[in-house]
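Look at the two complexes coming up: subunit A is in both, with subunit B in one and subunit C in the other.
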Partner chain A sequence: MVRLIVFLMFSAWAIISGVGVITFTNPIYVILWLLSALIAVAGIFFTAGAELVGALQLLIYAVAIAVFYVFVLTAVPWEKAVKKGSHYRMEGVLSLPLVILLYVEMAIVFFLGITASPEGKLRAFIERLGNTEVVGSILFTKYFFAFEVVSLVLLIGMIGAVLIGRKESQTYEDDTR
Partner chain B sequence: MESVVAGVVIAVIKILVILGIVLGVGAYLTWVERKVAAHIQRRPGPMVVGWHGLLQPIADGLKLITKEDLFPRYGNKFLYNLAIVLALVPATLVFAVVPFGPEFELFGYRIKPILTDVNVALLLVFGLGSLAVYAIAIAGWASNSKYPLIGSMRKAGIIISYEVAITFAVMGPLILAGTLSTYEIVQRQIEQNLWYIWVQPIAFVVFLFSLLAETGRVPFDIQEAEAELVTGFTVEYGGMKFGLFPLVEWYVEVLSLSAIAVVLFFGGWSPINIPFMGFVDPLFFLGPFSPYVWFLLKVTVLFLFILWLHWTLPRYRIDQITEIAWKVMLPLALINIVLTAIIAPVVWR
Partner chain C sequence: MKTIPVEAYFIVSMILFGLGVIGLVARRNLVTVLMSLELALNAVNIAFVGADAQMGLVEGQVFALFIIALAAAEAAVGLGIIIAIFRYRYVESTDEITDMRG
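Showing the complex of A and B:
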């Protein structure tokens, strides 16, 4: 009962924040709404008992990723941030079919996922080991290959970022030391 | 139903106690800081208001509250005020996962002196700790002024760099303890008869550097840098609104991160440790209060150490700070993780 009320609170919060993201025009407010939505989703994870996912949501999405948006936007001057003419209304209407298609796809995947998921199989496992351990052991056994491939992709991304950064630094004259 | 009510009542009492301690002590630490700084520099410090200036924080508070509330003309009022809330709330929330002492029984209820003993407490600490970036970035942007913006960009860069280092630094103690819950980490150290500082000195050094950087203490106070940026992102704030930022950064955050350091490296509420042998408790005569006194003592010593650094060292340059983070601290932390991961199973399993 208590859990249901808390869940409803967080989901209402998340939906309101989501509406805020797409209705406000000032990009800084949009970022703040996005942050609020991400925190609300973390709250939903916590109420569902997925503590690890909730904490990672907070750590990775709410902090690590959204911070870079703030980083970029704080460099935007005031007058440009509140200008309204820069919104692509026509393009927004044109992209609507694609958005609906994506939503339908998400719904299909969701319903297929419910039938395919191992119902209750993991529960005993989680109760015995705890949240973090279960995620860790699944990552390093069943999904080991996918996990390693993803880390390889991230490594390549990091090397690319370092390369781009180095190129830029060579164009300036280094007289700092 | 009765247990739910009891749980809520206990939680509310815990919240009130923690908030009272944190905010009350936080305000009075300004006096401690000024006294310590003064004696490091061989002067008496505040002496006029009350005995040895003991009433000075109250006088300062009154002065700050009654000051005129100035606001930059083209700033954004809502975000300007929101930044203060965004700074204060995550910093105080960190105390929700700080364990102050061992479990005890009162009127038939078993009470842990920790607000929420969640299984992912340490991840929460770093998540909440880095939410401070938003407060500073938004404070800088909403002020619509150049110094605050430069200060907030510097601080955001520092926090992003050091958040990585601090997260990797705590991996060492985590591998040894095998859990993310702060309460359990202390329990494991007591069971293993070992403060993790003895086997994780590298992790502790990295943690200390990151602590100083994230809280904006000297040598990493480049976002305030009085000589070049006046006071960085707080330039356009006045009165108590100005006072809250240093209060949060320099006291509440330093206290919370010191408490986490004590939990991770100094065995929380346990008395003095002889590695692998046991614990020696010179404060045994305090009986059940001895763990709390030990915890407070350790946090106080760490806080004084940070003050000592603050009033002794000069300031790094911004490029040196980020270079230390990525080229020294991060590799050190990674080496420490690998060493711990190799050695720990050999010793404990």
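Showing the complex of A and C:
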């Protein structure tokens, strides 16, 4: 019961923060709302009993990625850009039926999938060993190849970000206007 | 472990994912578009972890870890591209990037 109340609290916090992410105009406020949403999602992970994913959510998302966004927002001179509005209001309203269609499709898929769900074969192990140990043993045995591929993807992403973000000696002419 | 119904996780996940999609469509600034994408990725993680807590598996948490790692790579490359675009064109709005219009 306490777990359900805590879950509802974190869910309401996450949804309010999500609304803040898509409505505020100043990018600094938006990144603060996103940070709030990430912390709330980490709380939802903790209530679901996934300590490892929650801790990594806090460490990687709420610290590394959010600080990275703030760093980009403050390091780039945005005031040189041509100021426009912060939203496509017309397009946002016009896309609402599509989003509602997406909601209906997700609801159908999810709630059909619940009835077909298998019952847990690992629950006894989780209760005996603890969640983090089971996640680690599955990750480093069954999904070991995927783990190595992810490390390769991170390396390629790092090299690509350095190559894309470095300063060119000459800038190209804008011949489209 | 089963005091929270799995439908609650799915409803929260759906709402957050829809908010992320609306942000992707309706946002004008490039960086806030990426932030909405992060919100949608987090919603997918909630669905994975909630289904895990229901079914007593850990595969969903493993995939959530992969999603977090790929989100880090995506943020690095995406923000690098945004900085490069800003350096060459001085634009921050998504409707001014028309160089590949043909």
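Quick note on the criterion: the second predicted complex is superposed on the first by the 114 of 177 C-alpha atoms of A that agree within 3 Å, B and C clash if a C-alpha of one lies under 4 Å from a C-alpha of the other, contacts with A are read in each partner's own complex, and residues count from 1 in each chain.
Everything that follows uses one rule, which is that a contact is a pair of C-beta atoms (placed from the backbone, for glycine too) under 8 Å apart; a residue touches a chain by one contact, two chains touch by 3 or more.
As the structure is a computational prediction, the values presented were derived from the model and not from experiment.
S.K.: Of the two partner chains, subunit B (first) and subunit C (second), which one does A:95 touch, if any: first, second, both, or neither?
M.R.: A:95 contacts subunit C only, not subunit B.
S.K.: Tell me which partner A:131 touches in the superposition: subunit B (first), subunit C (second), both or neither.
M.R.: Touch status of A:131: both partners.
S.K.: With both complexes overlaid on chain A, does A:70 touch subunit B (first), subunit C (second), both or neither?
M.R.: first
S.K.: Check whether subunit B or subunit C contacts more residues of subunit A in the superposed model.
M.R.: For subunit A, the partner with the higher number of touched residues is C.
S.K.: Give one of first, second, both or neither to describe whether A:52 is in contact with subunit B, with subunit C, with both, or with none.
M.R.: Touch status of A:52: both partners.
S.K.: State whether A:153 touches subunit B only (first), subunit C only (second), both chains, or neither.
M.R.: second
S.K.: Can you list the residues of subunit A that touch subunit B in one structure and subunit C in the other?
M.R.: Comparing the two interfaces on subunit A, one with subunit B and one with subunit C, the shared residues are 52, 56, 64, 73, 78, 131, 176.
S.K.: What residues of subunit B sit close enough to touch subunit A in their complex?
M.R.: 4, 74, 76, 79, 82, 118-120, 123-124, 126-128, 130-131, 133-134, 137-138, 140-141, 144, 149, 152-153, 156, 160, 163, 180, 319
S.K.: Along subunit A, where are the residues that touch subunit B in the complex?
M.R.: Interface residues on the subunit A side: 2, 28, 32, 35, 51-52, 54-56, 58-59, 62-64, 67, 70-71, 73-75, 78, 130-132, 176.
S.K.: Any idea which subunit C residues touch subunit A in the complex?
M.R.: Those residues of subunit C that touch subunit A are 1, 3-4, 6-10, 12, 14-23, 25-29, 31-32, 34-36, 38-39, 42, 45-47, 49-59, 61-62, 64-66, 68-77, 79-84, 86-93, 95-96, 98-99, 101.
S.K.: Subunit C touches which residues of subunit A in the complex?
M.R.: The contact residues of subunit A facing subunit C are 1, 3-4, 7-8, 11, 14-15, 18-19, 21-22, 27, 30-31, 34, 37-38, 41, 44-45, 47-50, 52-53, 56-57, 60-61, 64-65, 68-69, 72-73, 76, 78, 80-82, 84-89, 91-92, 95-96, 99, 102-103, 106-107, 110-111, 114, 117-123, 126, 131, 134-135, 138-139, 143, 146, 150, 153-154, 156-158, 160-162, 164-165, 167-168, 171-172, 174, 176.
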